[in-house]
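Got some structures for you, see below.
Same chain, two partners: chain A is paired with chain B first, then with chain C.
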Partner chain A sequence: MQPTTKIHTNGLSFYYGKMQVLQDVSVELQDRRITAITGPSGSGKSSFLSVLNRMWTEIPGVHLQGEAHIRLGGQLHDLCDKRQPAQHLRRKVGMVFQTPNPLPMSIYRNVAFPLKLSGCSDRQQIAAQVESALRRTLLWDEVKDLLKKDARQLSGGQQQRLCIARSLVLEPEVLLLDEPTSALDVAASAGIEDLLLALKQDCTLVLVSHYLDQVKRLADKVYRVDNGRMVQL
Partner chain B sequence: MGRLLARLLPGFSWCCALALTAAVATLVWFLLRGGLPAFNADLLFGGTRAIDALLLRRQVFDGLFPALFGTVAMVLLAVSLAVPVGVAAGIYMAEYAGGWSKHLLSLVFDVLAGIPSIVIGLSGFALAIVLHRSFDGRLGPCLLLSALALAFLVLPYLVRSTQTALEGVDPLLRHTALTLGASKLQNIFLVLLPNRLADLTGGIILAVGRCAEDTAVIMLTGVVASAGVPDSMLRQYEALPFYVYYMSSQYTGPEELQKGYAAAILLMIICSLLFVLAFMAQRRLKSWLLYR
Partner chain C sequence: MPILSRTLERLFFLAAIGSALLTAAIFLLLCQLGKPLFQHGGLGTLLCSPWNPGHGQYGIYPMIVGSLSIAFLSVLISFPFSLGCAFFITHFGPLALRRKLLNLVRFMTSIPTVVYGFVALFLLVPFMREYLTGGSGLNILTASLMLAVLIAPTMIIFFVDSLQRVPLSYRQAVDALGGSPAQQLLYVVLPMAWPGILNGLLLGLGRAMGDTLISLMLAGNAVAVPTAMTQAARTLTAHIALVMAADFASMEFQSIFACGIFLYLFTALLIVALRLVGRLSPRGL
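And then the complex of A and B:
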């Protein structure tokens, strides 16, 4: 595995019970690049993402074969080993879903939540990091006076940017995005796309997307999933 | 046929709802008619000065204060014994149990929910006899024993309401905190439970109501017609439901019967107050946990 490789799989197969979702996937994802994954619905794109943040271990009946590694803080982590703790890994591998999923709590607490989970209790530090994450996603000016409001009252595009801010607050090395703009209108999507291009500076992005034009605008490398197999385009 | 049914159903449902409301209203009216004349200064404290009774300086012998005190103490004690165990068991059922152990435990909790309260009362009574023998008569039927038996009685409600509350959480919400690096325990206590406090409170309200009204369990495990305010949990006590039961069968004149009705009204007022309290605590706790 080369030093610029962030994620590497070799002969990876993903089983949901007896059904094989991914078959013999061997890919290399480069550091600080946007890698896009396209393909028809139900072809296994989201399953692939669930390997990368080890969420597959939370789904009953899933098991993996083959190899998958991720490099975090210079160290290699085995993604296929179910016994390794996932919490630390998930703090460094953020995830943004198709539907914005703010937690049913205030805007401020949403963004501060991952910090609390990781044991940070310094209020000033939390406040500073929350503000910086909201600034990075260009949300600060819109919400700075509403921080105690329920996050679900924001618009769809704002909610999605809030979710990205929430992932960024822990300064992840990898950000997984599962069709992050498909629930948004054109203007909000454009905002998110600009944001992703800016994030490439310090983050490896893995983007699942249906929109080929979006993939063309953003991606450095594109894979297509078809019938469980992944091929580079 | 189908269209006719579709037309009739709303009307029928409306009538059913009306019948229920009318039944409750009739019940309340009936109680108020029987009990209101007895609502006066002497009802709670009899001949004793209220301040002396409230500060437990002097016992009340001809008022309902000891029964009121006994009921509130018993409900609070029983619910505080049952809630931690019931909620923890519910968490286990929803989040950890799987396969055959879940089926087996489900069956056990269903059986537990189906045990008639008189049987639980008898078990408590049997335990009281054992305690009485083993401790030279120093332990026997008492407030603590009643509360334990009642806690046992309401456990299944709490287990089930916690379990269904947790299992009803939207899958996306369930996974959100996990993707942010939450441990399973953090997810349960910081996201899943706080978001389902209303359902949990529903279970607790059911439990409170069940504890407050039950007579079969307490009359076998420690309640008596006249005990005054108990000075410890290991003493016998009075309770409103038992007072109502006792008066209905043993009253000697219209005044005592009126006091029986008044006790029933008091019991309803106490339950309503406890419900409101639980509801307000839930609202406060939720906004403190999620919207600070």
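And then the complex of A and C:
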């Protein structure tokens, strides 16, 4: 595995019960690049993402074959090993969902929530990190006076940027994005796209999208999933 | 078509009115049949005085104490156990085991009460007699323990349901942010699911209060006011069953209507409480 390789799979297969969702997937995802994964719905794009942050371990009946590794903090982690705890890994491999999913709490507490989960209790440090994450997602100026407001009252695009900020507050090395703009209007999507290009500087991005023009604009490398197989385009 | 749908609408309306009237009618009938008793002593004395038919006292106070103590004790025993079971099924158990366990719990609800009572007579009662309470082994504690087992499945199913009704997107958010199952439960799921949990608790209490057979078989049916949970007691429901089996026209017989009225009012109160809890919905975390 090359030092610039962030994620690497070799002959990876993903089974949901008896159904094979991914077949013999061998891919290499580079550090600080945007890798896009496209393909028809139900082809296994989200399943691939669930391997990368080990969300697959929460789904009954799923098992993997083959190899999948991720390099975090210079160390290789085996993604197929069910016994390793997933919590630590997920703090370094953030995830943004298709539909923005702010928790039913204030804007500030949403962004501070991951820090609370990781056991941070220094209020000043939390405040500083929340502000920095909101600045990175260009949300700070819009919400700095409404931090106590319920996050669900923000617009769709703002909610999605809030969710990205919430992932960024843990300073992840990898960010998984599962069709992050498909629930948003054109203007909001453009805002998210600019943001992703900026994030590339210090984060490896894996973007699932079926908008080909979006993929063209953003991606350094594109894989297409079809019938469980992944091919580089 | 409009005629048919209007007819159906009216039929359903009649059915709704009918069942509401029936409930009211039951209450009126209870009052009517219990009338001689009220004339004899008045409701207050009835609810507060002892049961001593030989001296003309038909108070149901001992049974009220018996019913309430057995019901509350069983809920007290069952609640932590059921909540733990629900947490195991939704958060902590191995994935493959969760569904099986829930199915087992569902199956438990369909076991006839008499089977629980019977099993307890042969296993729990001798154990209590030998090691814990002494005496006959038939007492409040024995009945409450078995009743706790009986009401647990209802509570577990209700708890699991309300824990799982917390939107998946919230639970996924916590998972994806590196939260442990315990953190997910503590920070997001419980704060959103507690009205449902409270509802399950009240339903369990209602079931415990209404159960007849377990207390009849295991509580000892003594008519004295119990002062400790190792003593025998008679519940309102068991009293109704016992008196009804023996007698038809006496004052003793009429006392069961007072029991009915008390149970009726208790259930009505519970339902009001359930309604109030139903209105509480957490606005946010």
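In the analysis below, the second predicted complex is superposed on the first by the 233 of 233 C-alpha atoms of A that agree within 3 Å, B and C clash if a C-alpha of one lies under 4 Å from a C-alpha of the other, contacts with A are read in each partner's own complex, and residues count from 1 in each chain.
As a convention for this text, a contact is a pair of C-beta atoms (placed from the backbone, for glycine too) under 8 Å apart; a residue touches a chain by one contact, two chains touch by 3 or more.
What you see is a predicted model; the values in this text were computed from it and never measured.
Overlay on chain A: chain B and chain C clash in the combined arrangement. By the touch criterion defined above, A:95 lies against chain B and chain C together after alignment on the C-alpha atoms of chain A. Using the contact criterion defined above for the overlaid structures, shared-chain residue A:148 touches chain B, although it does not reach chain C. Working note: chain C versus chain B after chain A overlay, options 62-70, 116-124 or 242-250, clashing stretch identified as 62-70. According to the touch criterion, the shared surface of chain A, contacted by chain B in one complex and chain C in the other, consists of residues 53, 55, 58, 60, 86-88, 90-91, 94-95, 97, 99, 101, 103-106, 109, 113-114, 116-118, 150, 166-167, 170.
Residues of chain C touching chain A in their complex: 95-96, 98-99, 169-170, 172-180, 183, 187-188, 192, 282-285. By the touch criterion given at the top, residues 53, 55, 58-61, 86-91, 94-95, 97, 99, 101-106, 109, 113-114, 116-118, 150, 163, 166-167, 170 of chain A touch chain C in their complex. Residue ranges on chain A touching chain B, taken from their complex, read 53, 55, 58, 60, 86-88, 90-91, 94-95, 97, 99, 101, 103-106, 109, 113-114, 116-118, 148, 150, 166-167, 170.
Chain B makes touch with chain A in their complex at residues 98, 172-173, 175-183, 186, 190-191, 195, 290-292.
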